[in-house]
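Worksheet: the structure to be examined is printed underneath.
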Amino acid sequence: MQEAMINRAKELMADGTVSRVIGWKRGEFAYDITPAVFETAEEIDSDFVCDDFTAANVSKYLIKESRKEGRILAFLKPCDTYSFNQLIKEHRIIRENVYVIGIPGGPKLDAEKLKARGITGILGVRNEKGTLHIDTVYGEETMPMFEAILGKCENCKSTKHVVYDELMGEEGEVIADSGRFDRVAELENMTAQQRFEFWREQLSKCIRCNACRNVCPACSCENCVFDNPDSGISNKAAADSFEENNFHIIRAFHVAGRCTDCGECSRVCPQNIPLHLLNRKFIKDINELYGEYQAGEDTTSRAPLTNYNADEDCEPSIVHERGAE
Amino acid sequence: MDNNLKEQILRSSGVNVLKCMRCGKCSGTCPSYDEMEYHPHQFVYMVEKGDIQKLMESESIYKCLTCFACVERCPRNVEPAKVVEAVRLAAIRQQGNNHLTPVQIPGMLDEDLPQQAIVTAFRKYTK
Amino acid sequence: MQVNDNNFEPVIVAFCCNWCSYAGADLSGTNRLNYPTNVKIIRVPCSCRVNPMFILRAFQRGADGVIICGCHPGDCHYTSGNYYARRRITLLYSMLDFLGIERDRTRLEWVSAAEGAKFAATMESFTEQVKALGPNRRLEDLRCRKQ
Amino acid sequence: MQRIGVFVCHCGTNIAATVDVKAVAEALGHEPGVVISQDYQYMCSESGQNLVKDAIKEHNLSGIVICSCSPRMHENTFRKAAAAAGLNPYLVEIANIREQCSWIHRDIATATEKAIILGKAAVAKVHLNTPLTSMESPVVKRALVIGGGIAGIQTALDIAEAGFDVDIVEKEATIGGKMAQIDKTFPTLDCAACILTPKMVEASQNEKIHIYAFSEVEAVKGFVGNFTVKIKRKARYVDEVKCTGCGACIEKCPMKKVPNEFNMGLDNRHAVYIPFAQAVPKIATIDPNYCMMLKNGKCGLCSKVCAAGAIDYKQQDSFIEEKYGAIVVATGFNPIKLDKYDEFSYNTCPDVVTSLELERLMNAAGPNGGTLLRPSDKSHPHTIVFVQCVGSRCSDEKGKPYCSKICCMYTAKHAMLIRDKYPDTEVYVFYIDVRTPGKNFDEFYRRAVEQYNVHYIKGMVGKVTPKSDGKIDVQASDLLSNEQLHIDADMVVLAAAIEPDKTARPLATMLTTQMDTNDFFTEAHPKLRPVESATAGIFLSGACQGPKDIPETVAQGSAAAAKAIGLLCKNSITCNPCVAHSDELMCNGCSSCEKVRPYGAITYSDKEFRMPDRTIAVRRVASVNPAVCQGCGACTVACPSGAMDLSGFSNSQIMAEVDAICK
Amino acid sequence: MLMISLDRLDELFAAVAAKQTLYLPADREDGQAEYRRWEDGVKLSSRLNTVRSAKDFFFPQTEDLVEFKMEGKNIEVIDPRKESEDFVVFGVRACDARSFTILDKVYLVEPVDSYYKTRRDHGTVVTMACTRPEETCFCRTFGIDPTAPEGDCACWSDGESLFFRANTEKGEKFVDSISSLLDEGDTEKLEKINERTRDVLSKMPLANLSAENFGGDKLNEYFNSDKWGELSEACLGCGTCTFVCPTCQCYDIRDFDTGHGIKRFRCWDSCMYSDFTKMAHGNPRLTQLERFRQRFMHKLVYFPANNNGEFGCVGCGRCLSKCPISMNIVKVMKALEVK
């Protein structure tokens, strides 16, 4: 696939369809890829990579890139297309300036999961029929591939591309039984005390590095309320438990109805906080209370929080009426 | 004026006599009106004035049928029957003041008297 | 001061829309309908003006309960504000619940300008409800706690 | 540095009795930025206002806080006072320590504590207030009157007289209301129809007045000066334009057994009908509940006889939308239902009637052509008992807690009319109190007693029992002679309490106006603004605001008209400057706010911005039209970046209040 | 050398914790390690390093500096510091141990940061030699020997026993305090293990990374390099690298209005943030390129310029594994390097 992508990219650059390509650049190790814009065929040949570790969602970079001179080629995985579409809907990306090639998605891998098994000193990773062969300075190690799948790929919601100019590989479809709300439901069925303790343990790990926010395609504000000293809630550090809660509640609320569930927030969290559960809670509530809604699926529908149904919307008291204690 | 007695009546009846607007509907609807020396609206008014001794000495307290028509129809929810009841209780609770004693009963019985009435009478007229 | 069950007096913030609920609160005053002093009202133009930030802010600063009152659905002075508020607040309350914040600390009630009695009764019952929960500890900012 | 003045009002004893106003003034004086804090008997009085004005000048105040009654009451008063002293009116905040403190709490210590907190919240807010300037918004020069009774007619006539277009929406087939059903009026005993019908005709002929009869208000949008009202024109199945009111259809209609509402169901009408001879508009209406053609498609006689071809069985409800600058509510009253009063046998005995039914029984156009006959056997009644206060002054759930005000007088009128016309009839009136305040009212009542020998008995009737001989046993206690009476009456007339029309509550909802617990519309001020609702541009006329007799109703109708005219005379009104605004530097142009805006006040445009690296970037940003925006604030919450904020209720202001309260 | 058998670790920790608070790296349920206060049941992590560095103990993420209490219009100034207690940080790696030297150069020179100093004075650092370095390790680039860590007291494990050597007076006190548990042991096996570790390090991908072409005199070579644009292009501007870094020492001072007064606190800041060192006129570093450059120039040029050639990086590799887009100091050094 990587080969075909490189060839196609060079073709499109050569025929003038695009002047730049956004993709991923190989790093020092087997897994540390960096999103990058390529401007020449040489750069592409030497550095372009698309493998098991190219999980980063490049949609958000297109806010800026689509405003630059010339057209840019973007390789988008299915989940990335949802983010891209949502940004189109919010008038953040100039669609004409992007040539989208849909590429097959994951599952992508998480190097952290290798290390958590004690596999360190990694020199190379080969994926053979579902088994990872990891070459390390301490010798070769193997592990089943599915145990190394990135959290955000574990419950993939769709392998369908909702927007593209060109498609490479087979088109997938929406996965209805992704089970992506199972963990949310599990938490919902706990007692309030248990949920409180769960989230306290998770959120107390937060170092407020803002990686979740800065990587999030929905968090595309020019100036975030948490950085704006006039907003009244700006704060640089999670000085106490309230700040930790406040940041994550407000962040999740601000992207509610706009979050496409791309999972980048949890991927980048240095402390492995399952932040996607907060977003999925909102998505689950929205689906259950206001009807199925998938942000980014289209560019015209009204988002659930900027919409209402006068007769059928439930009252907030529904929170008291459902779920465990 | 016996304030303690008034307080006791008001407390035991739970009635706020000040709600009465003196329409007289209680007396207008009372089936025992003609039997009574003092009528339901007078009970309310006299209790308000503290003029209770006269009521306690009057036969009127035993003439009330406790049919609650006055309670049902009072537009202000004053509940005169409860006042009458409270005055009656105040009377019979005094030592030796049972209005009825068991020995009196056989002489008063007649065939048409329902059993329930006897029980009711005991409840109403004795402590 | 040691807070125990007997002397716990919750701080309750009520956001009331100017057109219905604030007027309803005024009406309960006009009708001399008593409700607990714990309730302090903040006037907002519409229930849709209530930003989740305000609710969290109240809890941060030591509120033990937050109630939002707006016009009945269909009665919004601005035609649709309370419908948006209804969705937003539902989702926010659900999220607070998800984080294990006691759900009885939050409420939304529709109170019209004519419902002075309902306003007073609502505040009475909400205060009781919050009192029963005790002080807000799960969403307070310790730095703001009264010494 | 802020220089804030705090003024604590005693409101006589309204506040001072439960709140230690001196302590409040003292406590607030210690708040940061407060340079003067004082209390006064009546802040809203001229001297109170002067106190504020002098303080503004003397202390060079940058903001003021008035701790007083609800801002809905006097916010404007103090804003004007501030403006007069050179302070921007929006630098005034009100702490509501009356309606939301002194009136609801009993304990002085806790009420004072709360008042201080409310004051602190207002001080915290005023710190962040900014001077605002009002915009102007145009006034639509047309008024809507809802209800076509005497109140609505009078209001419409007065507004039209002043030269403004006015529409009347009346839910019945004709205007006229309750007054059209009344026989004679007190205390002059002149014929109601004789004074009402000319007014109805006048209204129908006035080219400034448009009557939408058989219509209802469906939805109200907008605000003072600029309401948009959706009116439902219920299907009459008769073309209003074509119908000449000739009555041919009615004569031919075979369905004759329809209870006649106009005569209180005491006789029947046809399925197609004109309520009464002088109806305005005089247009037939087909009752779809009874018309055989509409029910099962068989008949069609009316259509055949109608020379004008006005019958239209396919007619549907239609809707029109009209813009108005002012709305006058004149929805009137109805007698309450007496179903729950078993003791008066109203449901079981046809000879027990309500006073309004008696009006029809005595009216020349009524079921008996003006001869008073018992409904049961059409015999002449020799003894008539009137029962006052049926359902009025009742604290139980069956009745109404208020005095219906008009019953004493109309009962005296009825008694007098009966005694005058049928001297052989004995008339008893059972009363609790006879209330006759009003010009020539007590004289009128005394005439009934002294001249017409009506028997007034103090005491409420306890029980009304129909007897097998056709007589009615009326049992009551004569409280003055202390005896129980039993009167063998031929008829009993019940003075039923009156209540607001059932349509009033949904209407209040649409208009966002206040109502009291009895569903009477609440006036903006019980003494000083008796014909205005608290919602700007909505005025109150007649019994929808409280029980009233005809002269009072007419007076209020004219007063409401005067208020509406005052509004319509203006070319524009100053609009609320507390509207949303967008910070372009922060806006992402995501369009979330645009989706929730109710008035279309938000638009987007591409703007050039100079970026930090000195390049120029074009970005889509939102802007708010302050004349259109009504300041609901929906957009401020939809906006994730916080670029949208609301003047007067800004994020920081509200959070400052929250902080102050939670401290 | 004094030593204790590894199966007696709990005994050792209990003895230390009985006298002062003991912190050590423990495994979290997600497989990563973090410093935790030792209590019964807490096990020493086998991971090479923690997510957050050990700098937290001396330079916490947030710290109250001063409080102002307001009573009406009166303001009272309060020092919120409590009496400090002695504590031990156990299991610090050589890289983190060196980071304290770097932080000391910032905070213990005049004017001395008394908040930092108090913590340093009360804390005893017990380091642990590395035996299983990871591919992200490049401490040797900065002259650190992971088999001979600094710190008040250093420890080595030979798989059976833990050996102790005090480096400072504080370290000696620490060893004394546990001497009753220690025995003299043979270090022969230890030497072999250290030998092997050094050998592994030389086979690592970053073994040959050198900092010799960087330093305080290299401002002109690197400041205007045309590589910065490309390097910073993908940077999200988050603070992950800064906050997991053991040597990043920038902070912001903020006031928090508690409603009753003000708490003036400092908190970590990141030069990657758009509002870093914001002044009245705005931010001196206008774009992400400049902010990105600041971080690496500081570590590789500015810091050595002011500190006798000492670099502001210890090669712990945290930023390599934690950066959301895997852009890091190694890539920067490799891309920039002018020989």
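Letters are used for the chains, namely A, B, C, D and E, taken in the order the chains are written, and counting of residues starts over at 1 for each.
Quick note on the criterion: a contact is a pair of C-beta atoms (placed from the backbone, for glycine too) under 8 Å apart; a residue touches a chain by one contact, two chains touch by 3 or more.
For clarity, every value in this text was computed on a predicted model and none was experimentally measured.
The chains that touch both chain A and chain C are D, E. Top contact pair of chains, counted by C-beta pairs, is C-D. Of all chains, the one whose mean C-alpha position sits at the greatest distance from that of chain B is E.
Of all the chains, the one whose CA centre sits at the greatest distance from that of chain D is E. Overall, the chain located most centrally, as judged by its C-alpha mean against the mean of all protein C-alpha atoms, is C.
In this assembly, the C-alpha centroid of chain A lies 82 Å from the C-alpha centroid of chain B. Between chain B and chain C, the centres computed from C-alpha atoms are 49 Å apart. Averaged Cα coordinates give chain D a centre that lies 73 Å from the centre of chain E. Taking each chain's centre as the mean of its C-alpha atoms, chain B lies 46 Å from chain D. The residues of chain B never reach two or more other chains; the list is empty. In chain A, the positions touching at least two other chains are 225, 232, 239, 305-307. For chain C, residues touching at least two other chains, in rising order: 52-53, 57, 60-62, 74, 80, 84, 88, 141, 143-144, 146. Pairs of chains meeting the touch criterion are A-C, A-D, A-E, B-D, C-D, C-E, D-E.
Partner chain E is touched in their complex by these residues of chain A: 27-29, 31-37, 56, 61, 111-113, 115-118, 120-123, 136-138, 205, 207-211, 213-215, 227, 229, 235-239, 264, 267-268, 270-272. Chain C meets chain A in the complex at residues 52-53, 56-57, 59-60, 73-74, 80, 83-84, 86-104, 106-108, 138-143. Interface of chain E with chain A (complex): residues 28, 30-32, 34, 46, 48, 51-52, 61-62, 132-136, 200, 203-206, 230, 233-234, 236-240, 242-244, 252, 254, 256, 265, 267-270, 273-275, 320-322, 324-328, 330-331, 334. Those residues of chain E lying in contact with chain C across their complex are 256, 258-260, 263. Contact residues on chain D toward chain B in their complex (touch as defined above): 343, 389, 393-396, 399, 430, 432, 458-463, 475-477, 479, 482, 484.
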